[in-house]
């Protein structure tokens, strides 16, 4: 039981716990905070997997940008626990059950596979920004360019939808 | 001459076409004259043909064209002239001509007279087809044709619903028989793959070994069912009395002299087949006898002059079939001939009576007519004597021959037939006495109106009376003469069944017995009708007056159940069952649609939830149920 | 590739045109012109390619075959037709006309990607490039709450399906170590890895969502109903067909070797889709919503092309996609001319405007699959593909019964138009050009019904 | 450390995201749960890239983030638009479109 | 080439008719007469090189050809179509129809479809025309029909549509069993079908038979028919009952019997039982009808039952008889409807109870009615007899174990047929006039022509059937 494994388990527990927090907490703001914590835990996992750059990006983009956006919107609508609409416990139970069933089914299916793949502990350098940059701009330049189209349409969308029509 | 035989049916057809197409413009007298002329011509031709045949001309086939030729099936439209057909030609055209002449005067004041003569000619045409055809299909064509004409003529006064009902009844009952005929033809085709008489009978005489007796029996029975319908035998006889709805000459021509004897003709024609089947012959004998008895018994208690004659016709037909059943086809044909004469005579006489009575047909309001209409009385009397079987009138010889044959076949048959014959004598003379003797029981204006019919009506009566008197001599029994003229004439065409020879003494005895009893019956009838009293009948008499309630029985057992069943089919099975099922599918779809709509309840949560359920299901199916 | 670049650039141009031009009509004209240019580029690219040639780009991320270019060309042409038919209604929707047209261009980019991707990353991007603009289009009528509701529903469920799609891709990657769909080597494995199966199923599910197949169809009626009608027309036709080409491309190039493991599931999904679509459409009162459900049913038929793995299924998909697109576009174009979208809104149209009734009849016949219309030949190809599959006869019979039911609701329009009396209100009289275009569309439907092989020139 | 661990972990997160989408009525929270699903996928991809020692998977993760960002931009805009109209983010009151 | 004209002329005539507003009926009549002339020519020259079959490539991808061919049967049915259509256009000429252009154009369209069905020797083409003939009739019925027309016609449409889809799937399946070259052509389909194993033959048989049984219609798939006949305008009813139902029989003869022979022999007893049960069933129900159009409709079902039974009896004779009967039934039922139409127009009702006395009020019509009725119940020397005689003989000689029973039960149909037909004649023509209509119009010229033509066919073909038999025997 070496340090990495201990770290793995800690991060796993944290991730799942916080994820549950996201789903269960009645106050939207808490949900956001939990989600950010989940992201931190996931970034921790990235570090364990030698995906250092990914970890950083995850913190910056998700926790930093996206979640702040969420938080901002929630604040703007000043939603809080008492404004939060609650589903009846029955519906919630149904949700839990069906989600759980999904989980169990997939696990049952996949556990039949004898996956030989093992995460070897010695560090590799694929996650380094240098390598990633070369791969990205050598092999994946097309998707990189295409994502610009995606952002363009997203931008248009934000404008078209978000802008108040004065009429 | 024989080669011109195809002209015989042609002239009536011509008459039909002219009168039929000109049914609006044709003047009445012209129509009657034309029709009678046509009949006269074809009668002349038939005479020529007859004597040529009598002169020993061989059987002739006159092919006209190929009617149906499809694959193996080849049916030519051809005529066959031999002794049998030539004899029938004579009867049909001869009696037909007389009745045409009679009609010209009898129908002169009916507005549909042109139509009437058209129908009459058409009937003669079909009847001639029936007897001249060289194969069963042509016979069938004539067979159905005469059925059609009888339908049209029974329903001639179509405004009266009862008359049209009678017509419909006649046609439908004939159809039942025709089905038997059709099946018979099918069987013949199936086993011999031909319908023409010559080929068929040739095969029959050759390959008896091949065909089992059963086959012949079936064919024979089927044909006889056809005959039952056409010749009004049990159980299909009830249409004939109703058929009296038609004009009286029609009853004389169609329902006494010619059409109803078609059955006899068919069986005589097919004698070769019937000789192969004892069973069928027995069956025919039984049916014929029963019919004779039943009809005669009913005739005893009828008051409608035409009904009496109708039932007597049925009973006489029964006699003929009895003869056939005993294998004596020529005897049957003999009786057909004599019966044609005296029954036509009787009908026409009754027609003249009805004419005089101004449409009255109930003998209870007649009586003493003899004083006013001598000729009618005289001829009618001859008719009665002939049918009753008093020598030397025609009826005696033919009927006596039948009785003899019956006795030879089986004494029981003889006694039963004799009983029927006695009843015949009784009811005929009852009719005669009630009509012509005693004092008049009708209203006064009827009495004033009473008169002898014009010559156009009485002339045929006299001719027929003459024939009824003398025509018996063509068939003198061998006790009197060495050779039986008719038998010998027909022997080329018809082969009688096994004929048990009778001792002359026996034959004398039988004749004596029947004659004495008949005379006794006549006297009895005279006694009964001396002081006629018409109390409502009771007991057996009532049953007889109501014709043994046979019509009621048929309605209760066959007609009404059928109607109820079909209305059940219509209301329940068709509308509720099948159509309901079809519509039910549509309803089901709409119902399902209504339910399915509710799934789309507009809740994102619900949608996601259903989706996840679906996903789970897909995984379960895809991962655990599908075996790769 | 040229087409992709061109579409992107033209889209951006369109955007700027939207900024500078104030007059909507001019924007519409520009859009039409630019689309024509794009069509020209497509045709040019098609002509440049030699028989049976396939261009490989960026280390097998794109493999452009003549077929894909031909498909792109058809889709572009369909878009052009769409803009020509409904331009006047598009510019009525909101005030950001230029942006809407730009979105169409971007959606076309996504379509091009889906018709020629060779890498699941490109596929993912293509799907997203198609989806996100559609969320926006759905919500573009901001005065109308229904429109907003539609776009929110679409967004939430769409994002959900994106997650599923990604999980599928990931599992496939985990089993094979490849994103390149032509490099999967399932046959090397002695047995099929359950992870692959799970991934395939995830992919099937997410694609079923995009093409609105049961049980992922729930968004369709609401979104199609709520969105502005012209955009509904676009989503229901070109958007859906594009998703289909991605679907068939992925599954027939990469998973054909293990088709035995997923065709059954897909067949069941197909049956469910046909059932839900047809049965639910029966009771609709609004023609627009009926068309939404019928688009589900039609998707069920199109799924035959994916279920039956054969060379014919690609052709079948092209024919069906085009036939369905044209007919539906025409139907919506007619619908936009009427005030009342319910069936009663059609009452007595034959008397009031025989021309409109006539073309509607043609479109309805095509949708119902009556012979002499493109729709029939499309169904014919699909059935043929399915029958060829051999073990799907039950599905064929079921589909035919459902087709009969579809006749039921399609012919309600006919009945309303011809056999019922009423006075349908027509928004504005048809201009000569519109008449001509509608007539052209109807004619196209019939021509393709008699000679469908026009859609499949040799060497495609 | 066997790959299953990561597999199970990310699937667990994924399914928790699904549950969230099912259990909550607040559009924003549903959206966040979906983000959680995406992150689960990211984690799995990273693990696989380590397993195959292949950086393509990590590139894929970037693009997932890109798309996520784009989606969030549009999505939040839409949510805000709806909020402007009905002053609620409760998805259950949005049922004008049904049947 | 001439065969294409046979389809083309009605189409062109339809177009012209559609745009000629008031002259529509005359334009249509002219067109139909032209078609008639052409079909007569085809019938005359059938089997010679003057009517050469024609095959053009159409959809090579799926092996569909545009191929037409006329053997005796096809020529006969084309002739029938050519004869009936002008008759249809002759009646009701002085009746005002709204939008006559469309009305007559649709009639001609369906005529074109029928011609195509009878001539097509390619499965897909056959299916095309099959539907092309159906659609116009659908419009005719639900646009110009009675008050319950819309649901009734819709049921009829969906019902037959299901059938034709079944047929389509079967044809596709068969076409896929061929080597792919001209996969849809008749001879390839036949070859493919014969090569099939028993199980598949059963499937194909059921699919095809359902389609045709609904079209004919055969008990118990007949329920659309009485309603449709009752509700549609009589001219359309004529097309439905005289020509459309022949499509079903023709399809059986051409596209079912040769294709899956083993399955046919396996099922023939079942089918014959159904159809012969249908004869009695329909006849019994016909006896109960008070609406004259429904009565004739049920009588037509009974006739169909007999013909279908003959088709499956598997004897050469019954096949020929069937073809003869197809023609003659077409003539007779048309005559029946023409009379019914005249009576309905004059008495203004379809209710038998409200009729009667026609023999007084309009003797000519009454005479025609009687003749046609007797042709309808197959009286000898009318055309009805020949066909029915051959049918019965064929059924009787069929190899089935129950051929006696079949023959006998079918024979009941003869009797019942006489019953309901004669009671109809009685209720319409005889008795007193219960209609309350005193002045009954005489037949006008057009009606005379129609009736005379039909009567001529009835009598002439009844006495000299041989030309017809020769025509249909041309292979």
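Just a few scattered comments:
Note that the chains take the letters A, B, C, D and E in the order they are written out, and that residue 1 is the start of every chain.
What we mean here is this: a residue touches a chain if its C-beta (ideal position, glycine included) is under 8 Å from a C-beta of that chain, and two chains touch if they have at least 3 such contacts.
Small disclaimer: the values here were computed from a predicted structure and weren't measured.
Chains making contact with subunit A as well as with subunit E: B, C. Which two chains touch most often is answered by the contact tally, and the pair is A-D. When chain centres are taken as C-alpha averages, the shortest distance to the whole-protein C-alpha average belongs to E. Most remote from subunit B, judged by the distance between CA-atom centroids, is A.
One finds 97 Å separating the Cα centroids of subunit B and subunit D.
With centres set at the average Cα position, the gap from subunit A to subunit C is 32 Å. Subunit B has its Cα centroid 103 Å from the Cα centroid of subunit A. For the pair subunit B and subunit E, the distance between C-alpha centroids works out to 37 Å.
Subunit C has residues 121, 125, 128, 132, 135-136, 139, 142, 151-153, 156, 160, 174, 194, 197-198, 221-222, 408 in contact with two or more other chains. For subunit B, the set of residues touching two or more other chains reads 586, 597, 600, 602, 604-605, 608-609, 612-613, 615, 619, 623. Annotation for subunit D: residues touching 2 or more other chains are 3, 7, 17-18, 21-22, 25, 30-31, 48, 51-52, 54, 56, 59, 63, 67, 70-71, 74, 78-79, 81, 91-92, 94, 96-98. Going by the touch rule set out above, the chain pairs that meet are A-B, A-C, A-D, B-C, B-D, B-E, C-D, C-E.
Those residues of subunit A whose C-beta lies close enough to touch subunit D in the complex are 4-5, 8, 12, 15-16, 19-20, 22-23, 28, 31-32, 35, 38-39, 42, 45-46, 49-51, 53-54, 57-58, 61-62, 65-66, 69-70, 73-74, 76-77, 79, 84-87, 91-92, 94-96, 98-100, 102-103, 106-107, 110-111, 115, 117-119, 121, 124, 126-127, 131-132, 135-136, 139-140, 143, 147, 150-151, 153-155, 157-158, 161-162. Residue ranges of subunit E in contact with subunit C, taken from their complex: 59-62, 124, 127-128, 131-132, 135, 139, 142-143, 149-150, 154, 157-158, 161-162, 165-166, 168-169, 172-173, 175-176, 203.
Within the complex, the subunit C residues that touch subunit D are 121, 124-125, 128, 132, 135-136, 139, 142, 145-146, 148-153, 155-156, 159-160, 162-163, 166-167, 169-170, 173-174, 177, 179, 221-222, 225-226. Here subunit C touches subunit A in the complex through residues 8, 11-12, 15, 57-59, 61-62, 94-96, 99-100, 102-103, 106, 109, 113, 121-122, 125, 128-129, 132-133, 135-136, 139-140, 142-143, 151, 174-175, 193-195, 197-198, going by the rule given at the top.
For subunit B in complex with subunit E, the residues that touch the partner chain are 23, 65-73, 137, 140-141, 144-145, 148, 151, 155, 158-159, 161, 164-165, 168, 171-172, 175-176, 178-179, 182-183, 186, 189-190, 562-563, 565-567, 569-570, 573-574, 578-579, 582-583, 586.
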